[in-house]
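Chain nomenclature is as follows: A, B and C, assigned in order of appearance, with residue numbering initiated at 1 for each chain independently.
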Amino acid sequence: MINLASRDIFHSWGKFIFTGVGLGLLIGVTLTMAGVYRGMVDDAKVMIDNAGTDIWVVQQDTLGPYAEPSSIHDDVVRDILGQDGVMEAGNVAYLTMQIQQDGKDVRIMLVGIEQGKPGEPAFLVAGRPITHSHYEALADIKTGLTIGERFQIRRHQYTVVGLTRRMVSSSGDPMVFVPLKDAQEVQFLKDNDALLNDRARTTVNPAFNRPGVPGLLDSVLANQITSHMVNAVLVRIKNGYDAEAVAKQIRRWKHLQAYTKDQMEEILVAKLIATASKQIFMFLVILAIVSAAIVAFIIYTMTLNKIREIAVLKLVGAGNQTISSMILQQALGLGLIGFVVGKTAATIWAPLFPKYVLLIPGDAILGFILVMLMCSLASIFAIRAALQVDPATAIGG
Amino acid sequence: MSKLRFKIILLVILLTSVLAWVIFTQGPLAPVKVTTEKIQTGNLVVEVFGIGLVEARHSYDISPVMTGRIKSLLVDQGDRVRKGQVVAILDPIDLDEKLASSRLIAERSASSIKIAEAELVQAESQSRTISSTYKRYVELHSKGFVSQEMLDAKLNEKTAALAALDVANASLASAKRDQLKAQSDAAGMKSLRNQTRLLSPINGIVTETMLEQGVTVVPGQAVLQVIAPTDLWIKTRIDQKQAGMIKAGQKAIIVLSSHPQTSISGTVERVDLISDSVTEERIVNVSFADPEINSSLGEYAEVTIKLPVQENARSIPTAAVKRINQQDGVWVLQNSRARFVPVKIGIESLDGRTQILDGLRDGDEVIVYSQQAIKEDLKLKIVPKIVGN
Amino acid sequence: MREPAIKIENLMKRYGEGDTAVDALKGVDMTIWPGEVVGLVGPSGSGKSTLLKCLGAVIEPTSGKMQLGGESIFDNTWKIDDLRTLRRDRIGFVFQAPYLIPFLDVTDNIALLPMLAGVPNTQARIRARELLDALDVGHRATAQVSELSGGEQQRVSIARALANQPPIILADEPTAPLDSERALTVVRILNQMAQQYQTAIIVVTHDEKIIPTFKRIYHIRDGRTYEEAGEGRDA
């Protein structure tokens, strides 16, 4: 017995491929949407993994430093270093801001780090780590900055000396690492106009500007511009110690909060991106349903176009099974072409998206199974129509 | 098989191969790209970087010792002054009158001395006269010409005259002391009067006038600041970790924020004994090689201090050095996998090379750059560079 | 005594019920012998198509008797379960239009029928080639349907009808779109095939060009048939 489905496909292969490509693009969009969702979750996870940290110490009663602002003194790190089980600890400062690059505004997360302490990027793709105590930066390639390029933040120019990859904030903004002191100045020190304004206000305040006390005003002004706060302390614990146990110890000091890696992940994934990811997931479901509907429509139409041939086949003795399997095989073939086209298209255009799109093999396999299922179900409508054809219609009037 | 069918099957195979290639070279199944380097031997230029502020080595805040009102400022910012030059004058208020009064008191005391001297002469003459009279009366008494009562009376007179002489002496001494006191007072008042004139302690330039004419000042409140202009240096802050090898006399390159394109040479003058424990920085003072540098006080400067060159140092890019569980080491490539090798590191140069003292062989392929964090079981692929420039 | 290829007695077909019922066939008798080519002539609305559909085991008559090759297949009810295999194995169809399957080549269009009957592919194709040669279209064996002329397609459809060597062939207006020369060619072929394979062929037609070629003609009018001897002219 010859395979009717393959004959039909080969005969009108152009139409078939064309339809397959169209379906494939739709499947590609659906796969990409799944990739966007996974990318969002991965953005959150990779930031946590990249920190190379076991415990985040932040301001008490906050979900910081990423989900909420957190502000602690920069000498807290010394006390933490003395805690049992703590191997390394380092101050970090985080600030989401915009810089100018090539005339465009680039949104970045400015990270203040101390050389050799937790918070420093674990690997580079070019250049060298920061060696100068000020005004050098490591930039993620997603910023578009190159080695040697300079950019301005507030009062100073920074030179890019190294590049990183996939160092992004939980919302996908690329990170730029600078020395901690510079980041503190950026975050807690205001721009020139604001500083002058504050200075003027303090100067006219008689409480701070007493004539009988020389030097008082200068001291007050100096105090206003010192910045000794950071957003978090990143902690690495010694081998053999339990992160939660050490974190509990740190929490016992009532003015600090400490989160382990798992808790941080939960905060980011479950809380920070929960709404966005739910939205995307819903969209994904709708896309899948739409794709299924379109596949059903396509297959139904293809079958209806063959009504006369089906009537003739039934008349000359082709059974229901022969006709059903022809339609089903065509549907599955269409699905296969669609899937191949869709997966290839998704892989090719994924890097072009502004945010990270993660296509994992598991999703592809699941997608393949769903596409095949969808095609099978869709073909049911067509098969029903085909089986209902009366062979008598082949015999005219 | 028809030609068309053949072509179509070929197309399908092509598409499937494309898909397979895509799956295995992009995405999570692809090997991780890395770049490697071998250890290099050469001279390692060792430098230390810090930023600092231009300051005067010595700066003087000129302030009065008494409360007063500024009568006039005789100099302005930027003026050159000599040592001893009057730079500001306070309003003397009643000091002149007080000075005149003390002078008059001194004069009056001179008169008092004259009076006391005259009285002393008188008392001396009187006591001499009475003494000789008494001597005669004693003779006369012994001859019986004078009565005992008269002798006693004369004795009394003598005693009184002697006492009066003592008084006159004492009065004179007192008057003299009064005069000294009055003179002291007058001198003191004059001194105080002089303090209304503020003098420059050095030859230099006025850098700041903090107060204006007519303002009331309290003791210790600075009116002017004067510095020696050829005595500028940069108070540089160096991370404590890097400051260990800095010594006075080392050469440095200075870039002032007012001339960012110019490199100026300088020398390390002094490393302060007391560091900043809060910021964990040491203060290193670097002077300009050429004292006639045009810079403003408080200007930012970037200072790079040159330490002795490390000769024949074996080094690798700093980007390759990792720290795992507090152990320095590098990832070495072996059969497409990575192995963590602990190393002992020496100095790090500012341009990104780290000296390896121990732990690496000459031919070892050290992983420098990678697409993601290296782990033991990752499949790796060497490429010439990961990011094109 | 040989059996008639088809024998119908008092076949009736009623469509609908009650007041709106229509009697398409009101008692049809017909006997056709193997190797005969018989015409079935009648105006539209005469029950012609209904009779054809009953003969083709496509619709069920209301009452009557139908025998194929001596075997009773309808006696007021179907006597056979599987009408489809009956059609596949025992009845060949030739339509007004060739109705060839466009996505099969010429050989496979014909070979499809034996294959559906379970014949191995190679054998089915050999049989198809034989039929194509018999109909003088052997040189078009590997062609696609769209490449054939109308006449060639018609020949192929006749070959298809013969593919399973059915005892009877039902031809529904096979010459309607053709000019007289081609129409007579078709008739000639049918006669040839009938002789060669001893197949009984019923040709439903109102084509004046070919009616004279029939030796026997059944006229159908108002649901009843009347037999008539035809001219039997050579095509």
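Definition applied: contacts are C-beta pairs under 8 Å (C-beta built on N, C-alpha and C of every residue); 3 or more make two chains touch, one makes a residue touch a chain.
Everything numeric in this text was worked out from a predicted model, so none of it was measured.
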Set of chains adjacent to subunit B and to subunit C: A
Inter-chain pair with the most contacting C-beta pairs: A-B
Chain closest to the middle, measuring from C-alpha centroids that were averaged per chain: A
Longest centre-to-centre distance from subunit C, chain (CA-based): B
Centroid spacing, where centroids are CA-atom means, of subunit B and subunit C in whole angstrom: 119
Subunit A and subunit B, separation of their C-alpha mean positions in angstrom: 51
Distance from the mean Cα position of subunit C to that of subunit A, given in whole angstrom: 69
Where subunit A touches two or more other chains at once, by residue number: 10
Sequence positions of subunit B contacting 2 or more other chains: none
Sites on subunit B touched by subunit A in the complex: 4-5, 8, 15-16, 18-19, 22-23, 26-29, 49-51, 63, 216, 218, 220-222, 237-239, 242, 278-279, 302, 317-319, 322-323, 325-326, 348-352, 368-374, 385-387, 389
Footprint of subunit B on subunit A - complex, ascending: 10, 13, 49-50, 75, 87-88, 116, 122-129, 131-135, 141, 146-147, 161-163, 165-166, 181, 211-212, 214, 228, 239, 340-341, 343-344, 347-348, 359-361, 364
Parts of subunit C lying in touch with subunit A, wherever the complex brings them together: 44, 49, 52-53, 56, 58-59, 84-85, 87-89, 93, 95-96, 99, 101-104, 108, 111-113, 115-117, 121, 144, 160, 164, 172-173
Complex contacts: residues of subunit A adjacent to subunit C: 1-2, 4, 7-8, 10-12, 308-309, 312-319, 322, 390-392, 394-397
